[in-house]
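First subunit A sits with subunit B, and in the next complex the same chain sits with subunit C.
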Partner chain A sequence: MADRMFTVLIWAAALLVSAAFVWLLGDLVWRGVDRLSFSFLFSEPLNAGREGGIAPILISTLLILSVALATAIPLGLGAAVWLAEYTRRGGIFGQTVRLSLDVLAGVPSIVFGLFGYAFFCSYLNMGFSILSGGLTLGCMILPIFIRTIEVGLSAVSDDWRRGAQALGMTRAAALRHILIPSAAPALGAGLLLGIGRATAETAALIFTSGYVDRTPESLLDSGRALAVHIYELSMNVTGGDQAAYASALVLIVLIIAMNAGALAFTDRWLSRRITP
Partner chain B sequence: MNDEQATIYTVGNVESGPPCCDPVPHLSVRDLSVSYGETTVLDEVSLDIYKGCITALIGPSGCGKTSFLSALNRLTDLIPTARVEGRAHLEGVNVLDPRLDVLSLRRKVGMIFQRPNPFPLTIRRNLELPLRENGIRRRDLVEYKIQTALRDVGLWEEVRDRLDHPALALSGGQQQRLCIARALVLEPSVLLMDEPCSALDPLSSGVVEELIQRLRGRYTVVIVTHNLAQARRIANYAAFFWMKERVGKLIEFGQCRPLFETPEHPLTAAYVSGLSG
Partner chain C sequence: MLLATTAALILLLVLAFLLLEAWPVLSGGGWGRFLSGEGWYPLEGRFGVLPMVWATLAVALGTIILAAPLGLAGAIFERFFAPAPIAKAYRMVLALLAGIPSVVYGLWGLTVLVPLIALWHPPGAGLFTAIVILTLMILPTVALTSASALQGVPASLLHGAAALGMNRKGVVIGVVVPAARSGIISGLLLAVARALGETMAVLMVAGNVVQYPTGLFDPVRVLTANIALEMGYATGDHRAGLFASGLMLTVMVLVLAWFSARLARDGRDG
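And now, the complex of A and B:
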């Protein structure tokens, strides 16, 4: 009897979670799909976004995301390798870095926004720009990215490290050919978490990349990200609700598509690491 | 590479080589001590390892046999707290010299571990990677060396049709033989083996043991084993280690048969007859 109750509870929890997601998605589709069209995706917003499309916003979003990933991936990989392979286990410095990363990962995004504004926009004179926004997002996703990869690398069997060393292979070669490919699933997970957070980010971008809805001409131009656009339409533009729903639908589809892309990428990498 | 050339080194050819048990020291170890932090695990070991022979290191767990082995190819460098003192001359070079290029040392002194550790790559990649990392990139030469190594360990017939299959799909014994092939592909002169058969089933263990016997003459083999019968079957020389006041020491070293049949030291006598250890 108790077992039965338990089963029912577990199923109920799972159903509740999926129901919430289905409801959210259904609501978005219901209210936004009418507005969604080819021209919505490929035209400029008119009348503060009530009419027209989101083409410049999509471009800005992708540019910001590219800047964020282009900085976070190499830096994050390097830091994770250092933490997992080069710090002595239990060493003070490594522990301090780990702790700081865990604290940083929990810092609200608005704080990153303020930091980005103070550091990139003002101190480094980048102004409200795609570059400032992207770099701020890069900082924001770095901690979780680093820690995910580090945990993945630490889980790789020490037998392979010793085996590679005993064959006269350099540390770099062992990392490149054996250890990092073996940690590819962790790399993928870190990438997914990072992309998800970065694409959906609003607070950190309002202060850094701004909300000009023109098509940016360079990375030093201001640009409005999709999430900022949705916020703007639903909060500050009366009669912008339908466009907001359509934009939100685009955002969700974008995130799902990018997740699938990241998965495919790590899968391909994974196939280099051959396990039965 | 044509077939005729490729078959020069077959399973049989490993047996040929310089006559074994010439008492020519290949590795001369003097006053070797290993400690981890404050704990000394091995104290002042001196012995000669003879060229082309199989030297077995026997003794109970924890008496420093594996540390001795790891010191000889400087794998102890990987443990931050490890400190190695003494000298060990290989072909006139002190391998314990901190200025020594350890990567080229490890190419000359191969190592086989207790648990088979093929890389999570294809069978071919497992052998190709160490070659490429050591500067051998010519396609036909790489192919030739891979085939030769696989023949030497008797794996060629078993895997020739699935070189591009995952190495981890092989059985435990095959994996261990692949690891030996991976060490042989770099053409080392010394092979260190840390209980290479203990993680294998009896059948595979027998195959690997037979392989080790075939390596005699062409390679100088130092093998740690807990299997006394195995040591007796395959070794030319044996070194008996024992813990004295929690520190590993070399008690007796000599030709294998006399050490087992007429040991000089009472500790050795008790251990080989199964009375202690």
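And now, the complex of A and C:
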């Protein structure tokens, strides 16, 4: 009898949770889909965002994301390769770097916002700009990106390294042709996590890339990210709820689409160079 | 080497800039002034963050009390009770939900949950609403980490339990959950860290009045929300106070992360 009770409880909890999420997602689609149209995506916001579209905001979002990825990918890949291939396993310096990366991964995003504001905006004099916002996000996603790739690289069997050496390949060639392609799934996972976190981020951007909702003319212009737009519409613009829901829908679709894209990219381009 | 050093340097830079910016407040009276109970009146030079610290802790505690059993139940459901196709769908939905931006949870809380709770306990925005929204937000993560901890339990334990004639409840409660304990708790601690560090969702539904939380429906303001709300216009000591509260938040999260890492390591060794 007790077993039956337990089964019922577990099912009830699972159903309760599912119901809450169906409610949430249903609301999002139901409230957002009315406003969603071709012109919503490709026109300027009017009347503080209550009317019009989100075109400049989408452009700013993509620019901020590109800056973040352009800093995080080379830096992260290099650091991960160094940690996995060029340090002694269990060496002090490597361990210290690993520990500080794990610590960084847990720092709240608003603290990265404070840091970005003090360092990029004030100290480096970039002001509220897409560049400062993107660099702040780059710092934010870097630790999780490095650690994911490093774990992937370390998981590649040592036989492959010895094989490459036996064939007389240089270390760089082995990395380029064998090790990085075989760690491609980890690279993809790191990219997914990074893109997901960066696109969803609001708190770190409010006082680094700013609020301006015009189309940015250069990377030094302020630009409003989609997540900041949703926050602004729902908190500070009365009557902006519907546009906020439509933007939220766009944001979620954007995240899902970019995840799918990153997966396809790592599948096609990186694993093609190696025979399984 | 150079790149990795840069990555490590970023951590030092983050801490250095927080300390540097917070210094004016910390040096003039130190942590004592910051932690004294005189309240947060930045324009009069009083920077007592204690009400907001308590609010932050109350929100995180409430969230974990709700999210831990529900998340664990979800993981047990996915692993032991759901038929295979449902389990697979459940996993995919959880992964999708874990990727929904916090600002979207905030938006939904503000427009749907706040009016609903206001019918019952006005004004609606407050501690309880914040707890519900954060619970929804971290549930997928808790369920996913618990599920992977449950998955790590060796099959031989399950076979042994089945051979002893234990029923499904006995196996789950008596064998699997204790065996996966350290993984589950370390996942929970990481979730608490996320709840502590979350800004947007809480900012949008918690009411943002600086006061000690005395009831479940009081409007409260947490540390992260305070930074986001006041950073735009803060200058001088006020600004330094905000950086100091950011530093404090980081320390709170770091302590949790450290416990979590220790638990995960103990789990592997033991």
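Please note the rule applied: the second predicted complex is superposed on the first by the 246 of 276 C-alpha atoms of A that agree within 3 Å, B and C clash if a C-alpha of one lies under 4 Å from a C-alpha of the other, contacts with A are read in each partner's own complex, and residues count from 1 in each chain.
Following the convention adopted for this analysis, a contact is a pair of C-beta atoms (placed from the backbone, for glycine too) under 8 Å apart; a residue touches a chain by one contact, two chains touch by 3 or more.
Given the structure is predicted, the values throughout are model-derived calculations rather than measurements.
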When the two structures are overlaid on chain A, which partner does A:141 contact: first (subunit B), second (subunit C), both, or neither? neither
Which holds for A:252: it touches subunit B only (first), subunit C only (second), both, or neither? second
Check the residue A:17 against both partner chains and state whether it touches subunit B (first), subunit C (second), both, or neither. second
Touch test for A:170: subunit B only (first), subunit C only (second), both, or neither? first
Once the shared chain is lined up, is A:160 touching subunit B (first), subunit C (second), both, or neither of them? first
Tell me which of subunit B and subunit C touches more residues of subunit A. C
Taking the superposition on A as described, I'd like to know which of subunit B and subunit C A:178 touches: first, second, both or neither. first
With the touch criterion stated at the top, can you tell me which subunit A residues are shared between the subunit B interface and the subunit C interface? none
Provide the residue numbers of subunit A that touch subunit C in the complex, in ascending order. 2-3, 6-7, 9-11, 13-14, 16-18, 20-21, 24, 27-28, 31, 74-76, 78-79, 82-83, 86, 96-97, 100-104, 106-115, 117-119, 123, 139, 142-143, 146, 196, 199-203, 206-207, 227, 230-231, 234-235, 241, 244-245, 248, 251-252, 255-256, 259
List the residues on subunit B that touch subunit A in their complex, please. 73, 75, 78, 80, 103-107, 110-111, 113, 115, 117, 119-122, 125, 129-130, 133-134, 165-169, 179, 182-183, 186
Touching residues on subunit C, where the partner in the complex is subunit A: 1-8, 10-14, 17-18, 20-21, 69-70, 73-74, 76-78, 81-82, 90, 93, 96-97, 99-108, 110-112, 136, 139, 143, 167-170, 172-173, 190, 193, 196-200, 203-204, 224, 227-228, 231-232, 242-243, 246, 249-250, 253-254, 256-257, 261
Touching residues (chain side subunit A, partner subunit B) in the complex: 88, 157, 159-170, 173, 177-178, 181-182, 272-276
